[in-house]
Amino acid sequence: MPNSFGKLFRITTWGESHGPAVGVVIDGCPPRLPLTLAEIQSDLDRRRPGQSDITTPRKEDDKVEILSGVFEGMTTGVPISLAVRSGDQRPGAYDEMREKFRPSHADYTYQAKYGHRDHRGGGRSSARETIGRVAAGAIARKILHLAGNIEVRAYVTQIHDLIAPPVSHFPSLAEVEATAVRCPDLNSAALMIERIKQARSTGDSVGGIIECRIRNVPVGLGEPVFDRLEADLAKAMLSLPATKGFEIGSGFAGALLKGSQHNDAFLREASRIRTATNNSGGVQGGISNGEEIVFRVAFKPTATILQPQKTVDVSGTETELLARGRHDPCVVPRAVVIVEAMAALVLVDHWMRHHAQNQAFKF
Amino acid sequence: MPNSFGKLFRITTWGESHGPAVGVVIDGCPPRLPLTLAEIQSDLDRRRPGQSDITTPRKEDDKVEILSGVFEGMTTGVPISLAVRSGDQRPGAYDEMREKFRPSHADYTYQAKYGHRDHRGGGRSSARETIGRVAAGAIARKILHLAGNIEVRAYVTQIHDLIAPPVSHFPSLAEVEATAVRCPDLNSAALMIERIKQARSTGDSVGGIIECRIRNVPVGLGEPVFDRLEADLAKAMLSLPATKGFEIGSGFAGALLKGSQHNDAFLREASRIRTATNNSGGVQGGISNGEEIVFRVAFKPTATILQPQKTVDVSGTETELLARGRHDPCVVPRAVVIVEAMAALVLVDHWMRHHAQNQAFKF
Amino acid sequence: MPNSFGKLFRITTWGESHGPAVGVVIDGCPPRLPLTLAEIQSDLDRRRPGQSDITTPRKEDDKVEILSGVFEGMTTGVPISLAVRSGDQRPGAYDEMREKFRPSHADYTYQAKYGHRDHRGGGRSSARETIGRVAAGAIARKILHLAGNIEVRAYVTQIHDLIAPPVSHFPSLAEVEATAVRCPDLNSAALMIERIKQARSTGDSVGGIIECRIRNVPVGLGEPVFDRLEADLAKAMLSLPATKGFEIGSGFAGALLKGSQHNDAFLREASRIRTATNNSGGVQGGISNGEEIVFRVAFKPTATILQPQKTVDVSGTETELLARGRHDPCVVPRAVVIVEAMAALVLVDHWMRHHAQNQAFKF
Amino acid sequence: MPNSFGKLFRITTWGESHGPAVGVVIDGCPPRLPLTLAEIQSDLDRRRPGQSDITTPRKEDDKVEILSGVFEGMTTGVPISLAVRSGDQRPGAYDEMREKFRPSHADYTYQAKYGHRDHRGGGRSSARETIGRVAAGAIARKILHLAGNIEVRAYVTQIHDLIAPPVSHFPSLAEVEATAVRCPDLNSAALMIERIKQARSTGDSVGGIIECRIRNVPVGLGEPVFDRLEADLAKAMLSLPATKGFEIGSGFAGALLKGSQHNDAFLREASRIRTATNNSGGVQGGISNGEEIVFRVAFKPTATILQPQKTVDVSGTETELLARGRHDPCVVPRAVVIVEAMAALVLVDHWMRHHAQNQAFKF
């Protein structure tokens, strides 16, 4: 179960960084969805290493293969199995990781929990696991698009202490993809790219914040009490490597407002009920209210840095570690598509759940 | 499913604010746990309305009854059913809610989703639902205490824009309970209480932030990939009414640090592996590392305010609402025990899951 | 989890035979279903003890109370909590059960598994647990009726070695309820009643077989691979106390046929595709094909007999047990409504699951 | 979900008969289990086509590959992904299946449910799906062996109307594998093989019954109320293609006994509590009692026969079908290892569940 996500549109990811392959099985995908390999590959290309000069220079093609569930260009309703074979590996680069626990990585906790681990490149704890999420997310986004033109768009709003001005509109994909850092504000983007390069040049790393918006969401998705839409989004985001926080709508800053300021007054707009403000972030009582869903995710600086660090080895002896290898000085730009994938998975799942309970029967 | 939480220690809550009763069924509780009614009631008393002069003056005794699962003072391993009968109700106070959607409440989204709702006092979306969580949480905390002296302690760190100084130690329950606002810093507490009274006097409301710490957590709880400990904690917290954000360890502020500052160096302390700092918040790779788990939850200001508000009615016509009734001008102090309950539920569930996979078989 | 059944229409039962109450929480019930207390009570009355002269003379009214989820005569989509308070108890009658394990009951296995049990009347292993199933089943049957006039009808076809002639039509409820033994063949029914009385007069017990048919099932319910309709029906039936076998369509006798005899030829009937025979029992590849679903369930003779039996006590010492109390010499007639309940629960759940995957999206 | 089985030791199978590959992901496998490819392949070889002169002559090597979860000869606790590439395919042989529904196959119901299907060789409904089950089952059996020398042994007891004498002992694997039909009684086996050949020579098919025994099962596995051990075994068996019935212990014949004959008297044997007879089939109240678990599964005759059959085509027009291709005249001998696999999966899962609730905490 720990490697599955979703109740009705359910994905199960598998694979280690330096194993033969990584992949995902999607169970519950609706049948008759037109689907091409290119649609999945396109999102994977936004995730893959080596895509720009601010990511790791590792060359990984990450070419996906469809092993089941799609026949003659359409899904059949049975499990979709997707796999990506591993490529450019330099296992020698990771030998030290067998013995020494990298600070703020999962080496120590995996060793303590399981007593045996594939140490190469972080093994299962590698962000390479997210390939399966992105591949499944591409399918979820296609479904949302066809179902109601629902769009999920994430972008970078902060790198280190560089904070972009608020984005006043729903940015286009082109705006987001215009720069390697995926911040739609071009001035901020330039500074952010510079900051990331700076961090790399000193063998250091930086973190940041991603904002995600979803529009055209119908009213009614999300389920009280425990499976609120924001609760499932929070879980989805905190399940991503390197994330430290999640907030929706007004978020932590909402605590600074009074109720009379924070409440979103209802109003009538044409035939729709809308709200004058959106401190709720598109969700009320755990259920979408038709406004844009807006949330933010905090990412810590990459744990791998090319500076000497104090640590202990598997025998518990204190030692020093000097990481080598090719790493991202900042994971945030590549994480944009992963955030979109997880958000899309949550929405498709809740769409199906909503319909099962509320639309399957007519009384 | 939406009304259940947990995989192995699984709770299902039921009941509406003004229905005959609210309750919870706990499935999977270990057998042979000594358990008294008083232990459950004690936590419910920390949650109940009317407990101090900064909460709602509604009088609700919230006396819990054990209907199954406990025999001769010990759990038997079968479902524990707990119920609290409803008391002091003034349904007349809620008549307007049948017709007019309260801003930033769940009235509209429930109506849109289900087409039929119990409007009285918010019905199922009322925070009265959390009675079941607190009752189950009391049992979870007893288990954690007996299992390894694991302690869960939440407290208020911010009310409106009043931010208490960082709490440098693990506060005792007495320190937290010393004031009605449950902030262990007495100076801050006094100001916070004043601020809440001020808000009430103007018919307004305020929000705040709760911090929660858990100590004596063994290494190894939490499961990659999706069911990371922090992911399940995030879901648990965002499933609470009025929450807008969750962060663990360094949280959103972690984005401001460089990797060389953020990484938690490992060191040896007696026979234990520890970390020099705790930006990770006690979790690495989704798995507890033995350090204190530290997270924070943001609460918005109470949506019910005693000021006129613009809204629409069930026919979609714009109108004005002036709430009456007895409400909390700030839910944060009463939410402390609910945060503790949810955190304890997550930990017991993960303890059981960890043992199932990693301890059940000896190879 | 072990006390829950169903994925989307999910019930959780709780309660012990001699505890304060037994009950059920139904999560996932569609909203806007008209529902009265009488509709639930009516099925409970078919299950309750003391209903005829071939059941136990225990007087249990089994009056159900609705604690949540129904408002102004309609379901609201939130959990429905139902409870039945315990009545006519003679705990003294069960004192011996604390010490001595009753043969072919669950006393020994519960004690070994949990180390602590409520021995009174079998505690959690009592068939009194099925009250919750029947109450939930009544709601499921109402849904099926409104959704598509789907009818579930069970009846007795065998008591001990008395085998009724095959039932060539779909019997009416009146035909089934015409006799206390619930066998629609009146001649057989008379003999069966006599046989049960005979068994009782010697302090012995008998078992039997129940057949269940479901008509007007739409094509398409059930899911490959593991959640085939017959697999979930089999689990539902084997989860009932005293059941030893399940077969669908041709069942065990199907092994005696050749493929050329067993295959159900497809034919066209008006606008429908039908089969000439129904050895499949209405399910092919795990999915309903629109024909009647027909299955049978084997029940062992009641374990409680009023004759001396060899057994061991809780200390492991061999001893003799002579049960007293008021018991059913045959559980089969009262189990008819329980079989119907479980079948209805499976169908509603699969209807919702089918809709979620196959109807929620239009491509 | 429908393609997953198990709660804690959870498998998800994927793949269609004529797709690029079939496979399974196992989530929840305990870490540190020594595991070789050969151990998995060995069970797959017992399942594969072409293994003897009474199975289909299709040549399928079914060579399994381990894609994740095993490192340096031991499991790591993360998902184990196993895949078998497809081999000897003659898709032309299946062209007719695109248009005509094969009687008593899943062609029609899949088409009706999903609206789009991979018709080649039955697609997802092909028994080729069971490759994943057998591969996972091999791992489950290894675990059971190491955990407590628990052995699962299935064998054929009936082919068509040929019924072997009762097997009075727990047969060895060698006894079962001694003949191609996997009936440990050699005389019966010879007749059965002859009967299968006869069926094939007339283009017909036969079914049969498999019995399965499990020994050295500890007391306490299985969970009331819904997840009784026999309920999960029943679901596991009815989830297999071509199965029509399941019975445990006395089974359907148990209905012919009186309680005084059927009850299993408890007795003391050395330090163990045992039963004098085993009509319970090793399970009481849903929980294993330490006796041998004994159950039987009925298989219908293979639906594919090489005789003309009446059917309808996808447009609903009546037509005739004459199947070609290479098929098993009887699936029962090859199903023996599949029954063992499913039984082992159920036991490992319940072992883990039992441990989680009853052993994880010491009070």
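Just so it is clear, A, B, C and D label the chains in written order, and each chain counts residues from 1 on its own.
The criterion applied here is as follows: contacts are C-beta pairs under 8 Å (C-beta built on N, C-alpha and C of every residue); 3 or more make two chains touch, one makes a residue touch a chain.
Predicted, not measured: the structure shown is a model, and the values here were computed from it.
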item	value
Label of the chain whose CA centroid is most distant from the centroid of chain B	D
Pair sharing more residue contacts (C-beta pairs) when A-D is set against A-C	A-D
Whole-Å separation of chain centres (CA-atom averages), chain A against chain D	39
Gap in Å, rounded to a whole number, between the CA centres of chain D and chain C	26
Whole-Å gap between the CA centroids of chain A and chain C	45
Residues of chain C whose C-beta touches two or more other chains	1-4, 7-8, 13, 28, 31-32, 77-78, 113-115, 124, 224, 353, 358
Parts of chain B lying in touch with chain C, wherever the complex brings them together	1-4, 7-8, 10, 12-16, 19-23, 25, 27-28, 31-32, 65-69, 71-72, 74-81, 83, 113-118, 123-124
Touching residues (chain side chain D, partner chain C) in the complex	1-5, 7, 13, 101, 103-106, 108-110, 112-115, 124-125, 129, 158, 160-161, 199, 204-209, 219-220, 222-228, 230-239, 241, 243-252, 254-268, 271, 273, 275-276, 279-281, 284-289, 298-305, 307, 309-312, 316-318, 353-354, 358
Residues on chain C engaged by chain A in the complex (per definition of touch)	8, 28-34, 77-78, 143, 146-147, 224, 351-353, 355-363
